[in-house]
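Got some structures for you, see below.
The same chain A turns up in both complexes below, where it pairs with chain B and then with chain C.
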Partner chain A sequence: MSLLFRKPTIFNAKNVLLRQNDVQILLLTSKNFSAVPTIYDGESDPAPKFFSSNVQVLLKRLTRPDFNKVFRKRTNSGFPVLKTPQYKFLTTEQLEAEVAKSRARADQLLQMPPVVKVQTHIKEVLSRDPALIGFDTAKYMFTDITLGVDNQHRIIMERDTDGVLQSCDPDVRKRLNQIYFPIKGRKIKEPVMFTDPERFNSLLDREQYEFVLDRACIQYEPDEPSYQKITSVAYQHVDSRKNYGLLRSTRHFGPLTFYLTWHLSMEGLLLELLQNNVIREAVLLVALRQEVHGDVANGSAAQGLVAEIMNTPIQLSKPESLTEEDIQLDTKCIDCIEQYISANSSMKSQQELALQGFREFYQQLIDLSRGVRKAHGNA
Partner chain B sequence: MAFSLNLRSIILNRIIRSDVRFGFRAFSDAADGAAEGEEQDNGAAVDPTKDRTKVIPLETSMKYMQSKAYNQTYGESPVWFLYRRNHKGGFAPRKTRKSCVRNGMISTGNPCPICRDEYLVLHHQNTNLLEQFISEHTGQVLDAFKTGLCQKKHKELLVAIERAWDQGYLTYDVPFREYDYSLYNKNNETTKNKV
Partner chain C sequence: MSLPPASGTGRYFARAAKSIRLIRHGCTNRPFYHISVTHRRRLNSQPVIEQLGSYDPVPNMYNEKLVALNLERIKFWLGQGAHVSKPAAEVLGLSGFFPIHPHSYMTAWRNRQAEREKLAKEQEAQKAEEAK
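Right, the complex of A and B next:
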């Protein structure tokens, strides 16, 4: 795990100046926020954990997809004229088919950007030809433009002026790939909003997280150091301001949660879940930590609850009435979270307070729904 | 005799002066102080509402966009909303005029929405103004045919918007990128064709 990571705290100016030498591009400081960009480096590789089906399922559920937000009006179709909407009468079966279609489309739109280890570049020398020294004053680049080969595996070689034929740097590769097989929206020159810390900081302060992360996805590859630095700073900003709601039902919530869990700083997110009375997702978060680190005291209990929670529908709003099964499940969840807080949490007092608040809210809800059922005469 | 001599010298003087003035300005739009002073010497009064030689700072323009005066003039609608082009016939020409400003003066009776209000400055930080020229439905820059901007200002607008997008002053919906997980999930890959 990266040792660079530090919880967002207030550095003094001297500290910042000292650190600025260590970190190449971005060290962001503003009145109440400063973050040290981190990358997924070191021994452990996050990719196997991230791509494992258990973690994927948990992350997707924690995203809490709200179709109103997933299918919000977007202006990125690229057409100068919009398509006219169609209105149709449908039978129930046809309607179900359409709903299934839009679910699949939502899954596609919510595909999480992969979380992988930062790339390491090994220079591979194919041949050294001293006879070519001084042949030309410029390098020669060779790109295999066969169709059907992905950008990562494309053969791109450079012939240096000193006659060495070798593989080239990642950014040269990226540029050539972009020239021959352009990705829509990617610029050959890095956008100023990423290179200038002041502009980047102002975007974060304006809470345009989705724009920043979307654009980072387009501009960089997931295994590039600059991508991981930019996203890590954005995630830390979200965490420090508790703006999780802004990224929910976007494709970036999964990587955000994964990032926080990976660096063991998901207490803020857990607190937010408790304060918003979504106890089941809090359990899922604990289970996620167990999957990633395996250091939760009652981890197996949480993992056991996951299957039960997955069967229940997503809670987009506050529940209005509860069935007995709901009550049983939620009671188990409360126990699970209580044990987690007492054993593992680093934000005990606040989380306990939030849990207490939830208990009171939940007791009221139980009384209400039982009372309603009694009044209807089927209790 | 003396009178006619005097008249001749005046006329000659005028011709030379005007020559100098045209020579000066044929190559530059922004008239400088010397030319302006000369004009006042000649007695031709400069209409302050038509003078575009003064450079309005960006801060003033941004303040103006928030001000009561702006609201009174334009209300909630974009600055180009009530503008109508003058043209003969039933159909407006596809292209708008090249420029509304010549020799540092408004040279037309119906200047375009940006030229007519000197406090509207096209700059990448002036996002309140730039937003009005981006379609909320398609996210693209509105055509000059719709907004009525002269070609010169329209070009400036395109540059300012591109800068604003690049520097993050304006946000937009980024094209969607679909990832091929099999490229990143190395462990799952059984047939890895290394090249």
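Right, the complex of A and C next:
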């Protein structure tokens, strides 16, 4: 499916509606934002791409995990009394062990919601018994509550009023599963914030992306059409406002990047990376596009740089000083991005400008660090 | 008040006859049934051996009657030679676990008959009105 939302002002919503008449569309519009909800329903399945180890590594790195944000205090719902922090003297080994522990914990917190194709439902009829017509005016829903069966494989059947015994629709299944085996935080009825476009838009306008996406994760399964529609609109909103920073260091950044790359609309993100002087992540993004679509002119060069970039630490702030290896790597990155912009980019002028800005900034940085080294007598 | 465990609190005698029944819980004008296994000679008000499911005979807002069945445990108790009461057999029959109980067919047939008679009466009444 083609996605057409790069510049919201250009699109006439009616045109988009006409092109996508196979998908039931809830068009979300507000003052200066309009988006068409999309689902992964095309012929190609995103799951093998998303779960491939190369893509996972790139997405995790692009998330740029900052422990200050990952472990920030969110709510105190689980803790009636806030704990006082503990201060300890640790040996180096103990400190390393603690850091490794929190790294593992951060990995857990940053686990990405899976990106999969939308579900297909096949109705299975077990028996047709016309002699039961008129038995009752209500349907009977049968749920097998045997212990140790997961929600996907639980037997849930309905006996219709016309005597047909058959499997249920996915939304009914979900409701019955939630009745007998409730998931904490999930509601039996869809929350109004998802069903009422006005409230949903108001949340997006207030930039409560993380709240929306977290709640969508709890409320829906990743292969449900409603989940994919809601998240796609949120991602488009993030993209249109360039609010990528709000989702960085959260588990939603990976799916956001994958969504934008899948629909070939990651130019805004690339521009943001260039403007914030993280050229290495820009190369990772190009490599991601090459992994997903394989249509980048110098894709193999970008993929070659990935291994080198992965060995360097994550850039959370402006680097203090540059070693010669850093300078070499970044020069290669600049070349790679330059080629990408000239061959593949759909936002050429802006990105070229940003790249030029980065070059000047970087030259200053190089001069500074070389000068400092010279002053120390190491050059 | 905490609910009794699904494993039941009733005393268990291995060789006594068991029966799988619908046991009415809920309150006045609001029936709700537990599908439980208990000794055949025990009253419904007495503690059961094990609860095997539930049946809500009042349709919900989607016009559905909800039945939960722990099929694994039902199979176990049937293997132990438990008897099944008629209403329980009807519910299990509708679920496709048992063959449909003859009484279900009777009810369906009677309901259809009543419907037909009602329709015929209405038609007669209409004709009578038109003749006037």
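In this section, the second predicted complex is superposed on the first by the 345 of 379 C-alpha atoms of A that agree within 3 Å, B and C clash if a C-alpha of one lies under 4 Å from a C-alpha of the other, contacts with A are read in each partner's own complex, and residues count from 1 in each chain.
In this section, a residue touches a chain if its C-beta (ideal position, glycine included) is under 8 Å from a C-beta of that chain, and two chains touch if they have at least 3 such contacts.
This one's a predicted model, so the numbers in the text were calculated from it and none came from an experiment.
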Mind checking the superposed model to see whether chain B and chain C fit together on chain A or clash? fit
With the two complexes superposed on chain A, say which partner A:I155 touches: chain B (first), chain C (second), both, or neither. both
State whether A:D136 touches chain B only (first), chain C only (second), both chains, or neither. second
Using the touch definition from the top, say if A:P37 reaches chain B (first), chain C (second), both or neither. neither
Partner chain in contact with A:L176 - chain B first, chain C second, else both or neither: second
Chain B or chain C: which reaches more residues on chain A? B
First (chain B), second (chain C), both or neither: which does A:G254 touch? neither
Could you look at A:P222 and tell me whether it touches chain B, chain C, both or neither (first, second, both, neither)? first
First, second, both or neither for A:P48, with chain B first and chain C second: first
Rounding in steps of 10 degrees, give the angle chain B-chain A-chain C taken between C-alpha centres. 60
Contacts for A:G268 in the overlay, against chain B (first) and chain C (second): which applies, first, second, both or neither? neither
Looking at A:T146, would you say it contacts chain B, chain C, both, or neither? Reply first, second, both or neither. second
Nearest Cα pair across chain B and chain C, whole Å: 15
Considering only the contact definition stated at the top, list the common interface residues of chain A for chain B and chain C. 155
Using the touch definition from the top, list the residues of chain A that touch chain B in their complex. 47-48, 51, 74-82, 108-109, 111, 113-114, 116, 150, 152-153, 155, 183-185, 187, 191-193, 196, 199-200, 202-203, 208, 211-212, 214-215, 217-218, 222-223
In the complex, chain A residues that touch chain C: 126-127, 129, 131-147, 155, 157-159, 163, 165, 176, 179-180
Give every residue of chain B touching chain A within the complex, in rising order. 135-140, 166-169, 171-181, 183-188, 193-195
Please name which positions on chain C make contact with chain A in the complex. 53, 59, 62-73, 94-96, 100, 104-105, 107-109, 111-112, 115
